[in-house]
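As written, the chain order gives the labels A, B and C, with residue 1 at the start of each chain.
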Amino acid sequence: MNTLLVLDYAGVAVFAVTGALAASRKQLDLIGFLFLASVTGIGGGTLRDVILGAAPVFWVTNPVYILVCAAMALLVYFTAHLIESRYRLLLWFDAAGLAAYCVMGAAKGLAATGSATVALVTGVLTATFGGILRDLLSGEPSVLLRPEIYVTAALAGAGTYTVATMAGMPPALAAGLAIAVAFMVRGGALAFGWTFPRYRPRAGRSEDELKRDGIVRSE
Amino acid sequence: MNTLLVLDYAGVAVFAVTGALAASRKQLDLIGFLFLASVTGIGGGTLRDVILGAAPVFWVTNPVYILVCAAMALLVYFTAHLIESRYRLLLWFDAAGLAAYCVMGAAKGLAATGSATVALVTGVLTATFGGILRDLLSGEPSVLLRPEIYVTAALAGAGTYTVATMAGMPPALAAGLAIAVAFMVRGGALAFGWTFPRYRPRAGRSEDELKRDGIVRSE
Amino acid sequence: MNTLLVLDYAGVAVFAVTGALAASRKQLDLIGFLFLASVTGIGGGTLRDVILGAAPVFWVTNPVYILVCAAMALLVYFTAHLIESRYRLLLWFDAAGLAAYCVMGAAKGLAATGSATVALVTGVLTATFGGILRDLLSGEPSVLLRPEIYVTAALAGAGTYTVATMAGMPPALAAGLAIAVAFMVRGGALAFGWTFPRYRPRAGRSEDELKRDGIVRSE
């Protein structure tokens, strides 16, 4: 079993855990756990394959991925009550999934096109899309809009893998390095609250203020 | 016209009705009815085709599906005021669409791969995705997070079809049986409030409680 | 460089600006600007290519589109504080993107299938999907649910292009005419508050009222 395949299973499994944890926070039933775990687990890779034209997508070709998601859903269903803070655990598993998947996305994008730009974008999209779907479907506040560094970690991992393999590093080594970089960036952000300077001039006006000022018409 | 084609038109039509009913609840204009009816009607099947690599997708090959959606939008636009509870009707049409589409999705997934696991997943995704899109786009509370059984009905229908055809039942008969199973499960849930035991230990803390407890940083 | 390619770059660029403006309203960091600008810029065209089976999608084949999005994100990051109403500017750029992209979508749909119905649908989907993604990801109220005419403008542009080219007008001329029509319809709606008669009988009951009336079960 090669490195990228291991990464792929690992990424699917940890994202599936975050989907199941979101289901437990919303007190869904067991089928809800299976559904959210599967969608979160395979979402990012599905988008990657569709964009690159690799159809049918990876889990249609190899349904073991679905069984991995189902196993994670069951595991969380029976153990989540033991955990003090499921949301904090969700964020840490999400960080691990982000690290595994930004490298997988970059590797597939690079292999398909040879373009570093495409590798960066498929890396970031693959790493973030599962979490975006999970948050949309479970009504959690989007992880994208959280103040600490998030997309940057995926970009750092995808960039490290791309530069390292283009410079001739063996893929397995480059993947290990890139995962470490991505996880340290996102983990540091979670542990220490790392942020980039945010756009500060001013926040957008709310819908009500826009109506009051005549920028948006009242209905 | 074979059984699966009839099912496909039926699934598109009833999901289109639910999209148009959501548009009427939000008091959109006629074009809004057409848009929501079309997206809801063709959403699930589009995801199915993209995942299975059947591109271009079904309604590009056969645009009659779009005309079916448009006809349903017009029908609802001119008759919705006659209906006492449009949301209840939306839920029942959604149940019919779910039943038709979980079988269509499973049939196409099984035909494309021969894998029962893939058939279950494409069945569930096809049956639920149109409603997910409708709820996201119209700002309705997601049907996925409702307390009564929902995804389970799609899973039951997809499973019935898969097992029955694998056991040698003629596809048309298997489809009829599976639709009946899915519709009875979801219909029973709507009529009698059937639920599975939900995950009970405790609900997730709200964003505010997470901030208070230091699990999420305040901005 | 032919007309449609220019249109494509223009559509991507102006939608990228709207994504970056949404990022500035939410006070995201620079990477957040890049992410939202890229997803909004390439979202509609990605859906169009996936639906039509043109995989890999356009920006994978030609990554210059990504660089265009990145440039727009940087531009907005450093200039947005100069603008009095970023939301109003967002709506106008969105109108320009809608006009460019409804024509691009219709042109690709028509070229791929020869069907006017398909051209109308791919035109509308391409023109609206980037904005839908932007609003979902940034938590803005959906532009689809705004009271003034929106989807109609995309439909008018896609229809004008389709009819004009089918009647034998040269594509470049038809594209120019269709863009003007779409932009005037949406621009007029923004400037003068044009609306179609909305569905009036009554709005949908809220979730609370549905529970009170026993149409939705309380949990």
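Note that a residue touches a chain if its C-beta (ideal position, glycine included) is under 8 Å from a C-beta of that chain, and two chains touch if they have at least 3 such contacts.
These numbers come from a predicted model, not from an experiment.
Taken as a contact graph, the chains are fully connected, with every chain touching every other chain. At the interface between chain A and chain B, two copies of one sequence, fewer than half of the residue numbers in use appear on both sides, so the contact is built from largely different positions. Each chain gets one centre point, the mean of its Cα atoms, and the points for chain A and chain B are 25 Å apart. Multi-chain contact residues of chain B, defined as those touching 2 or more other chains: 50, 55, 136. The touching residues of chain A, counted against chain C in their complex, run 50-53, 55, 109, 112-113, 115, 117-118, 120-122, 124, 128, 132, 136, 142, 144-145, 149, 151-152, 155, 195-205, 207, 210, 213, 215-217, 219. Listing the residues of chain C that touch chain A in their complex gives 22-35, 38, 46, 50, 55-57, 59-61, 63, 66-67, 77, 80-81, 85-88, 136-139, 141, 146-148, 193.
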